[in-house]
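Look for subunit A in each of the two complexes below; its partner is subunit B in the first and subunit C in the second.
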Partner chain A sequence: MRRAAAFLLALALSGLSGCSRALLGNYRNIEELQVIQTLGLDGREGGVFVSFSTGRDASGREVVRMGAEGESISGAMQALQGYSVSGELFFSNTGYILLGEEAARDAGSCLDYIERASEIRLDTPLFVVRGAEAGPLVTAGGGEDGGITEIMSSLERFIERRAAGYLPTCADIARSLARSGAALVCAIAPARAPDGDYLTAVSRGYAVLRDGELCGYVEGDAALAAAAFLGGAGEKYVEVDGMTLKLISCGARMEPVWDGGELAGLEMALEVQASVIEARSERDLNDEQERSALEEALAGTAAGWMREVLDVSQGTGADFLGLGAELERRFPARWRDISPQWDELFPGLEIELSAGASVLRSYGFDSPPSRAGEG
Partner chain B sequence: MCAENYNSKRPGSCALKRVFAGCGDFQMRAVLPGLLPGREIFVCWLDGVVDGTSVTEDILRPVTERGRTGFFLSAARLIDIIERGAVYSYTVQRRSTLQAAAEDIVNGCCAVVFDGPGEALTFEVRTKTGRSVSEPTVEKSIKGAKDAFVETLRTNTSLVRRKLKSPQLKLSQVQVGRESGTAVAVMYVEGIARDSTVRELLRRLEAIDTDALLSAGDLEEYISDSPNTPFPQLLHTERADAFAMQLLNGRVGVIVDGLPLGFLAPGCLPAFMRVPEDSSGHFAVASMLLFLRWVALGLSLLLPAAFVAVSMYHQEMLPTKLLLSMTAAKQYVPLSSAAEVLAMLLSFELLQEAGLRLPDPVGQTASIIGALIVGQSAVEARIVSPIAVIIVALAGISGYTMPSHDLASAIRLLRFLFVLAAAALGLFGLMAALALLIWHLASLESFGAPYLSPLTDADGRGALRALLRRPNRCNRLRSPVIAGENRRRRGNGGEK
Partner chain C sequence: METQGITRRQLSAVAFVAALTPSTRLLPGYCAAVSGHAAWLCPLAALPGALLIAACVCAVMRRRSPGEGLAAVALKLLGRPLGGALLAAYSLWLVFYAAFSLRSASSRFTVAIYPGTAPWPFIAVGAAMSLAAALGKVRALGRSAEIFKALLVLALALILAMGFAQLDAGALAPVTAEDALPVLRGAPPAMGILGLLLVNTAFIESDAPLRPGRWAASARWCALMALLCSLIVAVTLGSFGAELTAHFDLPFFTFVKNISVSGIAERLEALITAFWVFSDFVMCSLALTAASGALRLIAGLPEHPEGPGALSHGRWLTWLCAAAAGLTAAAIAPTDFVLAEYSERIIPALNLVMVAALLIPLTLAALLRGPAPPARSR
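Up next, the complex of A and B:
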């Protein structure tokens, strides 16, 4: 009993300490929160423009969209808090962060803020708005009835399932920058919706960051090859020789070629598996030669994607695939010798590519309608 | 006219009349042994407590039968003859003190009083009227035995004897209560129960100094190790099979005359989470249900407090869609999350209490009206948010899954404290309250057994034993903290 009394006394006394202010200061009424779901960051002359959009909830509250300029991100956020029409701006559940292209040129400082901000989660996906600012997209995206958050939500699902497949978060990007000095960030571009007069966003491959700065883009289907190396490509539809194929899996691996203790080059292999889902040309896939031809064509296409990715990577000197980190992981002793010259070595490194493909299922396209009944 | 000393401490007709003065049900009849004049003896009993037919047929008839008792025998010889079988009764006690004779009478004996030597013979002729053995009302049995304890001590002990037909099943009886004189039986299986537990239990029972022992709460408070804790420390059951099962686990049972329950010591927290039906079903199903009960315990205790902490302090822990849903639900609600949860918990308790106190048909109506007002109307009027109603209802329903009503009551009480702690300090307060609770539970002991056993057993597998019901073949040994020397429950792992 005496111990319990002592404990309770200690608990009561803790109310006099500085901790209690921190604890009690955290009190917020949940109904007064303006839950920010999409945050936009744009670089402006001598400052930064921060915009946000809240999510739509079941109570019928209007989506709040706003933007403010400040000398720093924190300053702009504080200005926004002052403009807030009702309640407290709540950034902890931010679902998407959009960087305008200008801000992406200095992405390092934005990422630095995000990493240090206690109210923003590191598992938030980051996007670069290609060739435009994030502000207009955040404050006007989706038109009057919608919101940028809904657009980003469907875009996120699309990228993960039907596009490149790899959707890096702030944590992934920060990790890649710290490890390899380069990273890929999902790129989007503003566009007009085909069925309405409102601003929307479309996927545009990946933006390449090197040393925290935007230095290029990986575009089109080449993004698939990058995603295959970084975590797994999505089930995208690709057109090959008049047939539409759905990618089932797309994996890549790398092997170094050593010349004594020296790194002579790299061998990269891409393995693609796909299924036929549509055929515009008649092709009998029961025929071994025709099937092999299709698989070779697919492999060639995949090798082209990979070559494109490597060209961007070596051209910009941005090892966003983490090839150096992979070498370090597998050959730590040799890496100690290579690492000082890696930045100079990497752009000119000879990389031999190979790709293999297999068509797993043809869903009845083995026998085209015109040949039905034959044999 | 009384021939004996009126103030005598030895049994006599006048002394008994004095003792039972004002007792309208006290009956005394003077009879002549063998119908021979000269020496009167007195037959005394309490009407209603004894069986009239037995008094007539088994005592009055043989005592007054001509030639059955000797002619002109001395009083001492007469007492001896009656004690040795002249009266048909399966029990006889020779009492030479007034108090002993009076106690026997109130306990359902008929006393034959001899004024001369100041002695009495008492024969047990207790009435057999009482509630017959019936199905358990609280601990429903699906596949188990249907005989539940009744209010008669001897019936209850016989029910246990029928389950454990072993001379190792021992029964010690003590009387508790200066006025009630309640018989309390302590039952245990010698060798399986710890001697120290039996001795300590008997010591505590004998040390009870009270007017009466009429309720289960009285007994629990008197013999518990820590009467101040709201957590129960004595298991209780109304099922004789469950009682016998626990005796075989090494526990010591207590049966109180007048209470249709059997108490068992020591009582540890995990034991309160089990029901007798656990051993009737398949071990996998029983394990699932047992685990579910533990989850329900956590929900019942922590859910309202966690809701308060998260919705007031740690909104960032919520998934976005849930946060938006909760934000929407709380719009225009004037009360803070803590206030609305406390209000709902209070309403819940009020409804529950009202439902219990009112007669059944009225109680149901009150519950329905109350639930409608408190639930639907309060939400529609935006006095509380729907999610608070859901949280409190979920916590309440989870509490009903507790097999022990006493444990559920303790959880109900602590729920309020946890909500207050969470409202004051968020998750920090909730965790501090939880740490205090664990500390409190870990400091409790019941008759030498740690209250959290087997969760805290040294072999590390205690938690598994507490959370799951193992197959019988794996359950070979009794708990080392509860059972005595004989720990082996079955041989060869129960294999055929």
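Up next, the complex of A and C:
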């Protein structure tokens, strides 16, 4: 009797599995789902425009793209669900979230939604579409044959390996906003593909959020210096003095300058290592003087990147590098005195920059024979 | 050979499995809110308090004779009127804790796996399963806890490994002397969880043989659990930072939601959340077993009834406790806001009060009776 009761009760557990139709009607057949992979959010007058794109799956199903407006993100998603004719929309596999520039002006509300949403993971990378809306990119990106998800997937790899390097997720951004009041978000921009007539996206450095609102951008190679401080720059190619160098590593560190108990300023140092991969001007890299000159030029360029980053950071009053948090970690006792005035102190803080560079190799091609007779 | 009763290893497994749910639900968020970056030290700071509770339990249980658990020792030490009243109050608390445990488990399902559903189906199934376990033999609960422990250790090892792989060590600093007070303020919930399990497992010990070395085993268990809780808080803090961790309702499970095994599984939270049902089941079954056993002793019935019959030999008390827990669970928290209030304030405070209210008079009574007789093997 007891065994039978225990068996029946254990069987009741099968009703709690997510794969069963038995209880609560939670069962969803994967073939009946539209698995959303890229989500776009745009700010509209009095509401939000939400767009999505599915990815191309192994069964060869066409990419589904759609957009709808609502008073809130959830409201727009509900409207999208109503329009969907080919299956239930499934947001749990969302791999990329794109914020149009207008939505990024109130990024805090979007992050609030993402933090609450049970479907969306916090480790999803977030992007700001610079100077444009996310909707057109999400619903038309990749043209007829492709999709925005494939574009974002290759862009993600590109940013991590060959561009700035640091690709913040929603969790990184929320954490930085909570601790430092500011954060960087990867910026992209819509562009026409050079070999076709379809819409694609290109990397455009970082967007700066302060107190959850968009307040500026870190552009070009300066993004490398920001990434170096936040987690490691990518192996980007940079042009210096007619040479193309591939960054091997780019590290940054900060030291405070104390005047008695007062914070008088900061010293920031950037250390860059690179390899020559292409030379458009003749330079014998076996010669130590020539090499030093190239290293100095690279160091000067790197210092310029850092200067640009700090100008944006201090100009907007957004401590997105987490300099305050770094001071707190290393000098907690002194930080207690500084922290109440940090927001006022930071924009005018004197920051001295230095940069060092080493050229590691030129791939066994130090004095090219093709140029042996030149000069 | 200890094949007849529940073994010390099984008791330790019961305590380990049952402790996981409150530890993961309460500690990361509470400790981060109270102690900031130093939150990961709170469970370690709870260790002296937990060891004190363990020492009290040991002092009381030295008075134990073969076949007796904490409830029987309490009646022996304090007499039937006072001991009975104390046990009755503690049993009511255990039934209430079982109700909270059922409601809290159902909330994880309604939030993580079945968003928007009502909690009562999960409460009903949980109460029924716990009733079946509480009606059965204590050693069966011990054996199942050993199996669950293996599964949960595997899941925890995966979570902690993934957590440490992506941990930002900077989020765990700075820690200075000035953090001592906040760390101590964050310690009571961890101390309460360890204390609750030390006391509750002593209730189901009547089936276990008398053996020396209780203090060393308890101290070792407390130290390991404090370390594990510290690691659980550390990986959550290392992922979200103290500020963000303090804002989430269930930061550890939010952290679990972000775990994926690249190329194999993208979302593991439903599976891992389902594993935690084992912990809820053991916690609830333990509370019902202890409460109904104590109530039977007060009523002059055998603590663990033998013989046939679903309601005979005082088994109806187990049904009554389970029904009370199920009904209370269904009514206790109509919204998650109320549940959070219970989880973060009422239950941890009540837990410490009830453990102290039970243990202090029992320890004093045990100490006043002079040295205990040496432990004998049965």
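The definition used in the following text is that the second predicted complex is superposed on the first by the 342 of 375 C-alpha atoms of A that agree within 3 Å, B and C clash if a C-alpha of one lies under 4 Å from a C-alpha of the other, contacts with A are read in each partner's own complex, and residues count from 1 in each chain.
Going forward, a contact is a pair of C-beta atoms (placed from the backbone, for glycine too) under 8 Å apart; a residue touches a chain by one contact, two chains touch by 3 or more.
Computed from a predicted structure; not experimentally measured.
Participant: In the superposed model, does subunit B or subunit C contact more residues of subunit A?
Facilitator: C
Participant: May I ask you to decide whether A:S86 touches subunit B, subunit C, both, or neither, giving the answer as first, second, both or neither?
Facilitator: After superposition on chain A, A:S86 lies in contact with neither partner.
Participant: Can A:R61 be said to touch subunit B (first), subunit C (second), both, or neither?
Facilitator: first
Participant: Of the two partner chains, subunit B (first) and subunit C (second), which one does A:A178 touch, if any: first, second, both, or neither?
Facilitator: second
Participant: Pick one for A:S281: touches subunit B only (first), subunit C only (second), both, or neither.
Facilitator: In the superposed model, A:S281 contacts neither subunit B nor subunit C.
Participant: For A:Q289, using the defined touch cut-off, is the partner it touches subunit B, subunit C, both, or neither? Pick first, second, both or neither.
Facilitator: neither
Participant: Can A:D123 be said to touch subunit B (first), subunit C (second), both, or neither?
Facilitator: A:D123: touches subunit C, not subunit B.
Participant: Both subunit B and subunit C contact which residues of subunit A?
Facilitator: Dual-contact residues (subunit A): 23-24, 26, 92-93, 121.
Participant: Which of the residues in subunit A end up touching subunit B in this complex?
Facilitator: Touch residues, subunit A against subunit B: 4, 7, 11, 23-24, 26-31, 33, 35, 37, 55-59, 61, 90, 92-93, 95, 119, 121.
Participant: Can you check the complex and tell me which residues of subunit A touch subunit C?
Facilitator: 1-2, 5-6, 9-10, 12-13, 15-18, 23-24, 26, 92-93, 115, 118, 121-123, 171, 174-175, 178-179, 325-326, 328-330, 332-333, 335-336
Participant: Contact residues on subunit B for subunit A in the complex?
Facilitator: Residue positions touching the partner: 311-316, 318, 320, 323-333, 336-337, 425-426, 428, 432, 436, 440.
Participant: So in the complex, which bits of subunit C are touching subunit A?
Facilitator: Within the complex, subunit C touches subunit A at residues 109, 111-115, 117, 121-122, 125, 128-129, 132, 135-136, 170-171, 173-174, 176, 178, 239-244, 247-248, 254, 257-258, 260, 266-267, 270, 274, 277, 310.
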